[in-house]
């Protein structure tokens, strides 16, 4: 599948909900929530992109990293490259509505598995979406991860059970959705949680638990206390709190403090294999990619998703060669130009 | 009242005097004085916006600030959120002239009180405007503050008396208007004042006295000497001296030196509840908002004003949740990303 | 004369050689030499503007500087404000050619004297221009300064004599024109000069001698060695060496080292009274303004020039009030926001 | 030949493959590979331009450098100015295809020799191009340098022999092309090399050997170990690894460590004689210029190339006069504004 052709199709199928800009940086869609944009001025989305853009690479060519090994094992699963599709749901509200939630998520799941990586599926205000996502994941052998909103604990725990039944290999909570105060009006409040509350959820399952939405060292330490297996450094794509710093800006300090004590995933502004390399060099063990998977699936279904994964894998390989990294664990801050 | 609809109406009613831009940053209206712009190159207005924009937030989600208390008591009055409508007068000159001074200020006063906050009313070169403002304030029970221009002392003291008679709970002087040298040509000179001159005014009333236009630590110390109850860190919306620094830039140093010794209000570039949170985190006890109240009142009258207040209260609440602030006094520099 | 009307006329009369942009920052005319632009990428012109733009003011309002004294005495002459019209010549080549060299310079001279300041007149590759300029200056009582190009010494000394005969009160050399290597092809080489060469020129006259084109501390020290009375910190309006730093950037270090040992004038990017204040606060004893005088004279003749001087005098007064400077010698770095 | 006329012609003849922008900074052509752009977001190309743009000059005019000597001897050859045409090949793919590889390179070679400098000729995926380049170079007396891609060692060594037979006075390898992983699919893999592998190539010839693509101090030290005579600090014009730092940014640190131990050439974003001066002041012994030679040759053949060389020589001379550099070895960091 031709990549540019896919983008052209995506633009049609997204029906204006996303302009499929040459550079996906949150400027054209600033404030479009619902939609694909960042909240308010859009600056938290833009900050993710710019924080990565400000990180520059040291090119190195005198070495023997001629054919880098890009594979990793995360949550007990072997992956072609350390990339997950981020949990994105709510096609009707956010993506123009041409395709159903089921169509969308089935493409992402299939494309990811075909591409050698794993999908995360999401939860949202519409009750039906998580079950749909989980049904599709189950149909694909449960080869993915479910991320649940920070509802009241008993609801979260119920949904964790649902995910377990679908056969997922890890579960998590996008606690960065804690500010959706309008959900309380519909009787389904979400909110921040204390260490003890999170601990109760973590202990309710034997699966690895992922806490998504950690943006400070303090929260990273608290996440370790909860018993979670992993954190996702994420500002929810800039969709929940305007004016937060970019993920690539806060990641290094977090990694410096907790690397090795908890798995660190980074989510925000990753578009290319170069960006993946940067996030790893800044301290992440793996990355999440969100919006580009929407574009890929809307533009080419499962094949579009796989095409996009192939593209970033190729870019990552070239970038590892040209920075002299023979495998993922060789990637370090030394490849960054400070 | 729909917020976007209100903006659309505002644009019509402001008749070009304000473009109601998606982002109100002083660029489109640079130099439009009279009008809504900053003076000269417009940079002092723009600097206010950009100084705030450069402040970034630390998102925090592991805590128990699930329903933050946003209320404060300032000048002995309980307020829903720590926000005042800034004194803005002169509709005829600056806002296209579709509505009268009386209509405009009555909407601001009523909307503020309906929204749980208090208005400041202003004084200007046109003699009639302060009395009009005070009449409307008196009709609303005097529930507001009068800010007087830095005329010769006896004139200021007379106007303070007029304000007392209207029942206001505080008075002040926008000494940042000291540079309007053309007023001297009309026999009504304004100017800077010495500590002794200000002290005479402060001592002429029993009401709390607010000195608006402090932009340096030196002036903040002098303000304390005058016996004033509060300062407003303000460059008069960038309308009096081009090329001044932004308020959010000078605020932290001022707050570091005089916080707790005098009430600190901040005025410049605040548009959203996020901005309110930033100013408080930078050291303010409360904030003033100017131009957006013009837009809101011109777009929806008192209801427009209340709609705008509800919007920023909602934004402030979400921002407090996502930065882990359970009440106003918990807000500190720790929530800022440096 | 209405200032905006004058700009409109100027635009017509400059016939495209200058766009009379809202902000005169060297962007629209980048590379237009001949013309009004900076050389090459135009960055040396733009740097002048941006260096000043980056300097921000501390507003101060609690003080007694109610009616600042803006006058100075420079080269033994009393001036309303510390501003000179910079030497600009070559209307035919650079300014579209609608007006003659004589018309242009007579307006600048008359307007300056009417406005309470003094003009500098210039020299150029066309032999006839300096005599024309000096004739007009003589007709105005010699109340100005002549600035001569760095020809071979005997030519410079001859031209100094011509200037003396016109009755000027000071002479100088714009040694920053040293790079016009094409002049050598026409048998009239210009070039840099050693201390001894400059000393010979300085000693050939009893008039105060001004060395224009000093951009480093080293050259400032050498200028003192030559016996010159004054330096002009100037990159020739960005017209001779692309990629030089802006004048307001290099001025503070130069002033720190030689202030009081030699008169320091600053020339580059000054547009308003605010800019004048900034240059003085950065260490200048006076400033030169170039392009805006072209605009003013082309737009309104001598009256246009005076209108422009009145405008900057008014701006300077307001800025001195709002930064608390009671006279020129009170202006210091303390009024700058660092 | 008129320079502007030449650019106009170039624009026609490049048939959209290059827009011949007023400023050649990689923005308009971002991502156009094949084509003239930088890879991916184009940022590595743009970074080259901006890194140079951020370096500012100290203008100096009190000195005796009235007629600077710009000549140097590099690789035993006397040069009018320390500038090489960078190896650029593949007209068909990258430059619109109007002219053949042979036409293009013959113009560059002839123009360089007429202009008093030497060309580098290149190698590419199309086998025929290197022989064509070498034939043309041989026809011009071998007065140039051949730069070979990092194929497997035996292929590189064969091509070095071919270059020797053409009579070149130096050879080299653009090891920065190591990331062209698609070439492996065609059975002609390129890749990074170890010190030992490079040493084998260096030792296979008696000609001076140039290693092109060094962007770090580490690689510069390794290059010395290989026995190479020179390094080219280069990110391959931003065409191989997106998001690398600009050449002018990494050059000073490299020069600080290895200057005098190995010849240092710099390649990236040089457009003018001013840029040449900057690179030399940052520590280079000479510079390479790429894209502008394409424009010049497509716009005016050999004469266009010479016209461009004359232009930069003239600019370099003026810049040396105005920074007080009497010869190339006098150029140092002292002329830079930090």
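Per-chain numbering from 1; labels A, B, C and D assigned in written order.
The working rule: contacts are C-beta pairs under 8 Å (C-beta built on N, C-alpha and C of every residue); 3 or more make two chains touch, one makes a residue touch a chain.
None of the values given here were measured: they were computed from a predicted structure.
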Chain whose average C-alpha position is farthest from chain D's own: B
Self-contact between copies chain C and chain D, residue sets same or different by half: different
Cα-centroid distance, chain B relative to chain D, in whole angstrom: 58
Centre-to-centre distance between chain D and chain A (centres being mean Cα positions), rounded to whole Å: 41
Residue numbers of chain C (touch at least two other chains): none
Chain contact topology (line, ring, star, complete or other): ring
In contact (per the touch rule at the top): chain pairs: A-B, A-D, B-C, C-D
Chain C residues touching chain B - in the complex, by the definition given at the top: 22-23, 53, 55-66, 272, 274, 278, 314-315, 317-319, 321-324, 337
Complex contact set, residues of chain D against chain A: 31, 40-41, 43, 47, 150, 175-176, 178-179, 181, 191-195, 198, 213-216, 218-219, 222-223, 226, 235, 240-245, 249-250
